[in-house]
Each structure stands twice: as C-alpha cells, then as structure tokens.
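Which chain is which? They are A, B, C and D, in the order written, and residues in each are numbered from 1.
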Amino acid sequence: MNDSPMNGQLKKKLDSVFRDIETDVSDDGRLTIHATKESVLTVLSLLKDEGWSFLQLVSCVDWIKQDEIEIVYVLSSYVGVEDGPDAKGEPYAKGEPDAKRESILLKTRLPRSEPSVLTAIHVFANAEPYEREIHELFGVHFEGHPRLTPLFLDREYKIPPFRKDFDTEQYVKDVFDSVPPIDEES
Amino acid sequence: MSLELLMVVALGGSLLTYVLGRVSSRLRNGFAVLVSLALVAMVASLYGKALHVSYYEDFLGMSLVLRVSGLSWLFAMTASTLGCLSVVFSLSYMKGKERTSFYYSMLLLVNAAMLGVVLSGDLLSLFIFWEIMSWSTFLLISYNGGPALAAGMKYFVMSFVGSLAMLAGLLTVYGSFGTLEFGGVAAGMLSASPGYILAIFVLFGVAFGTKNAIWPFHAWLPPAHSEAPSPFSAILSGILIKMGVYGFLLIIFVLVGLRNFMALGADGLPLHTVLSIVGAITILFPTFMAIMQNDAKKLLAWSTVAQAGYIILGISFGTSLSVAGGVFHFVNHAVFKALLFMVVGTVEYRTKGVRDLDSLGGLIKKMPLTFAVALIGVCGLIGVPLTNGFVSKWLIYKTLILERSPFLALVALFGTWGTILYSYKFLHNIFLGQLPEKYKDLERAPMTMRLPMTVLSIVVVLFGVLPGIPLSVINSIDTSFGLKPLNVTLWGLASDTGALNTINILAAVFAGLLIVWLVLKSGGRKVSVDQADNYAAGAAIPKDKYQYSVGFYAPLTRMVAPYLKDFMDSFYMRLAGWVGGLGSGIRRIYTGYVGDYAMYIVLFLAALIFVQLTWSPW
Amino acid sequence: MDRNQLTKWFKAPTKMAHKYSLHAVYFCTGCGVIEIPPTITARWDAERFGVIPAATPRHANLFLITGYVSVKTLRAVIRTYEQMPEPKFTVGFGSCPINGGMYWDSYNTINQLDKYIPIDGWIAGCMPRPEAIFVAVTHLWTLIDKDMADGYKRYRKHYAQYRANQEQVLGELEWPPLFQSEREG
Amino acid sequence: MRILWLVLSPLIALAVGLFFLGLSRRVMARIHWRYGPPLYQPLIEIFRYFTQKGSSHGVLFGLGIVLSLAGSIVVILFLPFGGICSMSGSGGMLVVLYMMLLAPLGIALSGGEAANPNASIGISRKLMLALGYELPFLLIVLAIMTHYDTISLVDIVSAQRETASAFASFPLVLSGIAYLLILPAMLGMRPFEVVHAPQEISSGPIAEYSGPYLGLVTIQHALTTFIGISLFVNLVWGGAGNPFVFFLKMLVVLAFGLFVNAAFPRLRVEQAVRYLWRWPTLIAFVGLILVVTLGR
C-alpha cells in the first residue's frame, strides 16, 4: 500500500475536520471516503476547494441485501494537487498540469425504501444529467434538482429498471413475448 | 361619343357613388361597377379616332383641350379596364370595412383623373387632372390609418415637389410660347435652344420621375404600396405609376420631338444614355431589395420599381423596337402586377389581414385557383415564354444587344434572374410547403375576387401566345411618333436580325408537355399522400414546425445586405429631419406674448431707418 | 448474376430491373451500420451489383435493418418502411433483429422484428461481414425470381395484425394507418 | 426532314445524356478504385423507378416535373447538334436563355409542393447558385453575341466554324476560359453539388420524389447534362460539322467536368456564389469590355 503523501495529507485533514466520515486508501493508492447523507455536500465542497475540481461522474449501486442504495461521486483534478513524485518518479510541483491525478471516490448510503439526498448541482453544476439518470433508473429522489423529468425511458415502469428487484426476463415475457406472431393463413 | 361626355360620366360617377352610398351600400356597389363598365365601353369605342375638342374656352385666355391619340387610347384603355376590375375586386374585399362609400368614390375619382391626364390635350388640363390624381391617391393610401398615414404623407410630400416642378415647367413654357396646347408647344420647341429644352425636360422629368418612382425618387413607393388597401395598390402599382411613363413619352415624342431629344445633353454624355443608366440602376437595386423583403406587398412594391426600370430602359433608346418593347412592357406590367396584388388581397382577405411571408404556407391546398392565377402572374413577371412578359422583354433585350450596349443587356438579363428569386419566394412562402394548423378550414376566394383575377390571367397568356394583337396597336403608336413600324405577324415578329415566333414555341412546349405527361401516366400507380406523410428521417411530422420559409435566401442576404443601404431614402429622411429642425427653430419666435410682437415691430422699423440713413437705397 | 441475359430482360423486365438496381435506405440502427461503409466503398464495392445507398426512403426499394432495434428506433423503422414505395424488400442484418440477440432480456429492445414489419431475408451473425451482405443480396435475387420476396404484399394483406402489434408495444402511434383496413384486402 | 428531326433530337439527347450519366458513374467508381456499375445502369434505374408506386403530393407535384422536362425538351430543339438544328428560326439565343429557366422553375414548384423543408432548402440553394453562375454566364453570352452581332445561335455556330472557335479568336478566349470555370456549376457537378447534397438535405428538391416522378427526374438530369455540355460546345467551341465530331467534343468536356468533380469537396452556397462572382465574372467582364472596345 504505497501510502503516497498526497492521500495521507488529505486523509489526515479530512479526519480532523469531519466526525462522521471514515476514509481509507485502497491498495492502488486511491482514497475512498464514506460520508453520511447529511455531510456529503460539505465534503464535496471541501474537496473542490482542495483542488479536486472535476466531478467525473455520479454513479449508483443497489445493495439489495443491506437494503441500501449507495451514491458514488468520482472526483479528479486537472492540475497536481499536492507536492510529490509523479508517474515517472520525477518530483512535481503543486499546480503542474501533468501531475499524477488519482480520482477520489466519495460514497454515501441511503435507505432503499425511499432513497433521497440533496442535489450536488450547487457545488458541481455538471452533476445535473447524472442525477436525472439515477433518478429515472434507480428511483433516487434528489431534492432541489431543477428538472427530474424522464431522460431515456419513454414509458412508465413500476420498479425502476436498474434496480436488482426488477425482473427483466419477466418484463420481456410480459411486454415483448406476449405480442402474437403474424399468422399467414388467415 | 364625345370626350366631354366621358369625363362627365367619370367625374360625376365618382361623386354620385358617394351620395348613393348614403342610401344603400348594395345600390352604391352596383352603380360603381356600372360606371366603370360604361367607362371601359366608352374608351373602347374611341379606338382609331383622333378627336380634338376644347371643353372650356377662355380659362385665363387659353382653351382647355381634350384629345385622343394612339398612345392616349392605350393608356386610357388599360386604366379603365384595371379600374373596373379593381372595383369588382373590392366589392368583397371591402365588405365589413367602414367608410366604404368614401373608398369607392375615391377609387372612381382616381380612375377619372387618370383618364383626364391621358386624354388632356394641353399642359394646363394635364396639370389639373394630375393634381386631382395625386390628391385622391394620397387619401386612398392613408385610408387604413396608422402607418398608412405616414406612408401617405411621404408620398404626398414627394409628389407635391413633383407637381411644383411641373408647375414651374408649365409657367416657363407659357412664358416663352404663349400657349400650352401640345401642338403649339411642339412648334415652339423646334426653335428653342438645347439648353432651354434640357431645362424643360429636367423640370417635367422630375415631376414624372417622382410619380414613376424611378431610382432617385423611389423612396415613397414601398411604404405607400404596402399600406394602401390591396385593390387600390393594384391600380397604384399597375397603372398610376405609369402616368410617369405617359409623361416621359409625351415629352420625348410629342413636345420635344425625337431628334432634338437625342441631341440633348453634353456631347460626351447624351441625355438618353443618362436616362438608360438610371433605368438600369432602377432594375438592379430594387430587385435585390425585393429578395430581402418578407412582407408580400413590400416585395411586390420593390418589384414594381424594378419593372419600371425596364420600361424606362426601353423608352430611352428611342428606336421603334425599343419603344414598342417599353410600351408593351408597360401594358404587361400593369396586367400581371395588378394580378399579383389582387392575389395578395385575396390571401389577406381570407387570412384576416396576414401578408407576412414568414407565417403563411401551403395555401395551395385551400385556394388552388388563386395559386394557378398567381403562378401565371409570376410567369408573366419573370417573362417565361408563352406569357406576355416574355415578348416585351424579348423586344427590349433585342434592342439592347443590337444597339451594341451589352452592359445594359447584362443588367436587364441579370434582373430577370433576380425576379425569379423573389417571385419564387413569393409563391413558395404563401402557397407551397406545409399548411399551418390555423388555416386548416380556409375557404376558397369569393366569386367577385376570382373573376377579375381570371380575366387578368387570361390576358397574360393571350398576349403571350398571340402578341400580334397588342403589337399592332403599339405599331400605330410607333407610326404616330414618326418611327419605322415593325412588321408584326399575329404571333410575333418577322425580322432579318432574329425573328420571334411564339406559335412554334407554343407547339413545341405543348408537344413536350403531352409526351412527358403520357410517359408519367405510363408509370406505376400514383397514390396521393397527405402533407403529414413526409420524409423526416423516420420521425413523425411536428405540426406547424416543419416549414422552411423564414430567412429563405439567408446566405445571399448575408452576402448582399451590407451593400444595399438605401442611401436615397436615408437622404430624404435626413432632409426631412433637417427641415423639421429648421421649422421648430423658427417657431420659437412666436412666444405668444403681445409685448414681444410689439418689440419686433419697433425693432424692424429701427432697422429700416438705420438702413435708410446709411445707404439710402430709396 | 444474369444481368446480361437479354431473354430474361424480355421475359420478366420488372423483376430484372428491381434485382439489378437495389437502392438501400441509408438508415443506420444498432451496431451493424459500421459494416455498410466498407460494403459500398472500394474494398467490396456494392455498386457493381447496382446496390447504392439512397438518400430518402422514397428513392429506395431495399431496407437493410442493421443491428438491434430498440423500442424508440422501432417507431422510426416502421415510419421509414411505410414511406418506401411498393415493391420493397427488407433484410434483417445480424442476430439481434432475428431473436433479440444478446439483448434478448433487455427491457427496451424488441426481440422479433418479424412481428412488427415483414422481413424478406435474414443475415445471421453478430455483426456479419460485408460478404454476408452480398450473399443476402444474391439470395434476394433468387427470392425475387421465385416471387417469394413478397414482404410488402404480406404487410398489405395482414396490415391489421401488424398495426395491432405495433400499437401494443409502442402505444399510440402519431401517424394514421397506412392502409384503411376495409379498403385494402 | 425537319419533322423527323424534331422527333429524333430529344431521343438522341436522352440517349447521349443517359450514356453520359452511366459513364460518369463508372469513371467516378474507377477513380475510387472500384469497378462501378455497367454503363446502362441509369437505364435499369429509370426502368425500376417506373415500375414502382409513386406517392404524389398534389396536382402541382406532377405538373411541375412535367413542365420542367418539357422545358428541357424544347431547349434541346433550339440547340444545334452538329450542324442540325430544328427550331433555329423562332427566337434564337434569347429564347434558349429563357427556356433554360423553365427546368429549375418546374422542379422548384413541384419540390415546394412536396411540403418538405429539405426540398425547400434545396430549392433556395439552387436559385442562389443559379444567380451565382448567371452573372458570368450572361457576360459570356453577351460578349459572344456582341462579337458576332446576332442573337441567333445557328449564326454564332456557323461564324465560329468558318473563322475559329472562341478559344482561338482573341477577345473571346477570355469568355471561353470564364465559361470553363463556371461549367461545373452549370452542370451541378461536385464543387457545386450543394443543391442535391444527399447527406445534408437528403438530395434536396427531389427528396419526396418516388416511382415515376423519380424516373422523370433522372431523365431531366440526363437532359440537363446534355444541354449544359452541348451549349458549351456550341457557344465556345464552335459546334461541329457532323454529329459524331460534336459527340466527341462533348465527351472531352464531360471528362473535364468529371475530373473536377472527383477532385473537389462540396462548397457551401456562400462560398460557391462568392467564387462565381469573383474570378469567372472578372475574366468574363474583361472579355466583354475587350469585345466592345475592339468591336467599335
């Protein structure tokens, strides 16, 4: 576990500022932060100030056994955020464009029954389509989102299609296989 | 059938319609149609006669004379037929509008004044009827109120300047020759010095130029035409503008005589080339302006200015072929331009006043006859073979090429392609494309509108296929001007330097149409398809949003618009603004206190005494 | 390839004309579309058999449905098929139009294209190669010769069923039925 | 004899035009390293179009196409084809100039009736492009007419055959060059193909044509190519004694057009009109001035 100073420094700062988060560094040196529903926006804005100013994407995982839905924010930065060796081992100064930039994962767990969280648009404006997609396909409600209208799907689904308890084979049987083939004789 | 009776019927008819309007509108409509029909019959019966009668003896020691010649008969005939057709057209156009009896009487008054101008034998009666015409035109242009008032005022100021110029010319002629009759003036002119003739020509040229809306004086025409009620703008654009042409023909051929007109102007730059250059500019610049317009009547107004350029180009060359081309083009333009304005009037009537080219479309499905008539009118405007426009333009082009002035021919021919662009935009944006939802249940044009349009379209095709009929009349005008007559056959012109034979063209086109139609019929089954069943890359057709007519020639507009600033119009506007400023400056003198006025008198007297003491001029 | 046998031209001119000028609709659904450009350009040159891409369905008589048909694309496929002029032929390209292919259990991909529009020929394979298109074209020739490429006749004959299936999957369609059921039999 | 020729010349024009279309497709294929269709492929396509069902958008839809094709046929009657011209005596070059506007007008009317924005955009581009190449074209035609001081095409052709074709006689060589520069625009070849662009506006005005209408459009395209090339050969290259030499000259002109077609990308309308109003117009204008000044 190459505890690169960049993650270490940030890890210490986050632990000191926030009570209700745990941070751990995966074996390939990527920092993962688990935050609660309430503190996730403050962590996001702090990371943004720290230099992680690019929200790559917002994703979602359906933990059906723990009866929870997890929202994952993947952040990265355009410029080197801390001093330290870059990919080729030469030292890089803070602010260097081609510095090694790991992406940071910020995860938060929501109850599966009625998952809802504050929208991240005020911090990262480009989160809007991702949140809209998650709302449509996972049924997560984002308070404060300007338009949670349908993005891809053109019809109503009782259970949002990407959830694990959505039985696709059954749906295909009901909707597509129920269509009768054309019988030529009549 | 004396001329006085004709004038009495014309003028009396217009006054009587106003009175009858008080009694009942139906009676007035019938009477108006009756009067105009009677006028047409009376003028038709004058064909070939050379009457000369003075209807008022000693008006300031002169006798006012009415006369009819070949030229004035043609103008009178066109004016009366167009007047009658537009009265019939406005029967249903004016239904439900207020002040209709005023409108009808003014319409007939304009008609009568035009006949007066054309039939007058001396300059004074010409001037009198000219003023009546200008006045009634101003009242009719500003009939709709609002922007029409401004357009009417602009028209009135410019034609007022023109009338002043004519009055000045009239006085100088009376001063030097003592008589105003055409014969006397023409005799006087023979011995006049070229400078004097040039001055007279310029004065009358300004008067007739403003009325004919040639390039420098065209500023009033587009707003006036688009604001006037459609039946009247049909007359205004068709025949009233051409009174300027009649004036030019009068000066060049009757008063000044062709020889010294050709000799006029500095040796390097003869006047007739200046006139033809002005004509060429009048073709090119308004054609591109017309391409830019998206108001149907403004587009047609600019097209009128452009077509007037063709006529001036024809007249200014002074050979028998060119004058025939110019006069024939005047008749054709009167016919198809009135037709096109009536088409816009019909569309306006049915769509409750909409004439913006960006919000119409697909009306061919609801008004097929109006489209057919508009197509014939547009073909005449462009000059497609087998229509009347083609023959007159063919004459003009032939003179331009054979007189070895290819650059003017270039402008004229290039103007034709410009005409195609804006007339196709006119047809496409109104009749073709997707029919908007709100016009789904539009009915066809009413009978009283369809009749005049069909008559005019028949004339367009008739003069195109058998040009011999009008050309023989024009030949008699050529001979009356002392030019060599053309050897006219019924279907064109037989001449060594390239003949025109419309019957061959007709036979060829008809055979071609027949063959191709048979080939099409032999093909597979034809299924008629609704406008919603259209190719849109698999998507269904959105209602009201699948029409391309806004910014129809956007790339061309982007290229040409910066060079098209109408600097003559802005010059007039600046001039008007300057005069307004001067006027308000002077108004400050009238402060309204009697004391100030008393002071002015005392000061003035003091100044007089002072002048007397120092220089003692008395 | 009996294009230059004159006797055939005199015996059945319509069939020969359709065989040797198959204009394919330029309609790209699913993943198979990447196979079309090499087919019509230098490497395989479909033009020597008279097969060229047509700009609009109005000009075309061959409809190549290349790849999976999602529910939304089905709407466009039906619309394009109905806009093509009569004798028209359709070829399903790849395994997805046949039975849904690897998207058999997807919630937004239809399984059997055959239920919605008539198909004259199939090309199996998960994105078949351009040679497979030529095999399909030659098969289509034999079908046309034997009058078996009668997809458009079947569509007209059983239009009611086709329309019902379309409406069952797509819900309300924005365009009116192509054939009024009582008029066309 | 004249009646026979009246019937025969449109058929010959059609045959030559279709041969040119087939040839151009084969030559383009060869340039792309492909085999390309047989030479009689356009014939097959026309035959197929006529056997297909045509969807019509109203009376004017068919009438427009019939009008434009009839216009092209009549123009062919006026054009001398190697020493033979059937309608030389009824109007000359001015009628040809005017009849040539019937074809685009006919297609424009029926394209507009098809109520499809692709068609309307194609038509407005066609008319703007036509305005573009009309200016130099008129300069050229007027220079030639003033030089030979006649408005009849047959006199121009015979005059050019005695003295020398336009490329040889001094003032007209500029007009010849200018005509060569605008020829791809008049034939609708690649640099100026924006009107029927299949990708952008799905083949422009003819987007909604199917079945027999499309057959007529293909015939119209063949005839327009024939007219464009034969007008060039007649006006500037001095026509020919017998039809065969005339055909060879047309082949050379077609080859020039095809190589330009293969080498250039498709210009936008603005670029095309800006080009047409710059170099060809300048050359033709200088040509006209020379003709007028020398002619005096």
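By definition in this document, contacts are C-beta pairs under 8 Å (C-beta built on N, C-alpha and C of every residue); 3 or more make two chains touch, one makes a residue touch a chain.
Note that the structure is predicted; figures quoted are calculated from it, not measured.
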Chains most often in contact, by C-beta pairs: B-D
Reference chain D; chain at largest CA-centroid distance: A
Centre-of-Cα separation between chain C and chain A, whole angstrom: 42
For chain B paired with chain D, centre-to-centre distance based on mean C-alpha positions, whole Å: 36
Centre distance in Å when chain A and chain B are each reduced to the mean of their C-alpha atoms: 74
Inter-centroid spacing, chain D versus chain A (mean Cα positions, whole Å): 62
Sequence positions of chain C contacting 2 or more other chains: 56, 58, 83, 85-86
For chain B, residues contacting two or more additional chains: 524-525, 533, 535, 537
Per-residue multi-chain contacts in chain D, two or more chains: 51-55, 118, 202, 207-208, 211
Interchain contacts (touch definition) - all pairs: A-C, B-C, B-D, C-D
In the complex, chain D residues that touch chain B: 10, 49-60, 62, 65-67, 69-71, 73-74, 77, 87, 89-92, 94-95, 97-99, 101-102, 105, 108-109, 112-118, 120-121, 123-125, 127-128, 130-131, 134-135, 138-139, 142-143, 145-146, 149-152, 202, 207-208, 211-213, 215-216, 268-270, 273-274, 288, 291-292, 295
Residue ranges of chain C in contact with chain D within the complex: 3-4, 13-14, 16-18, 20-21, 23, 26, 41-42, 45, 47-48, 50, 53, 55-56, 58-59, 61, 83-87
List of chain B residues in touch with chain C within their complex: 524-525, 530, 532-533, 535, 537-540
Parts of chain C lying in touch with chain B, wherever the complex brings them together: 27, 56-58, 75-77, 79-80, 82-83, 85-86, 174-176
Chain D residues touching chain C - in the complex, by the definition given at the top: 25, 29, 32-38, 41, 44-45, 47-48, 51-55, 118, 198-199, 202-203, 207-211, 214
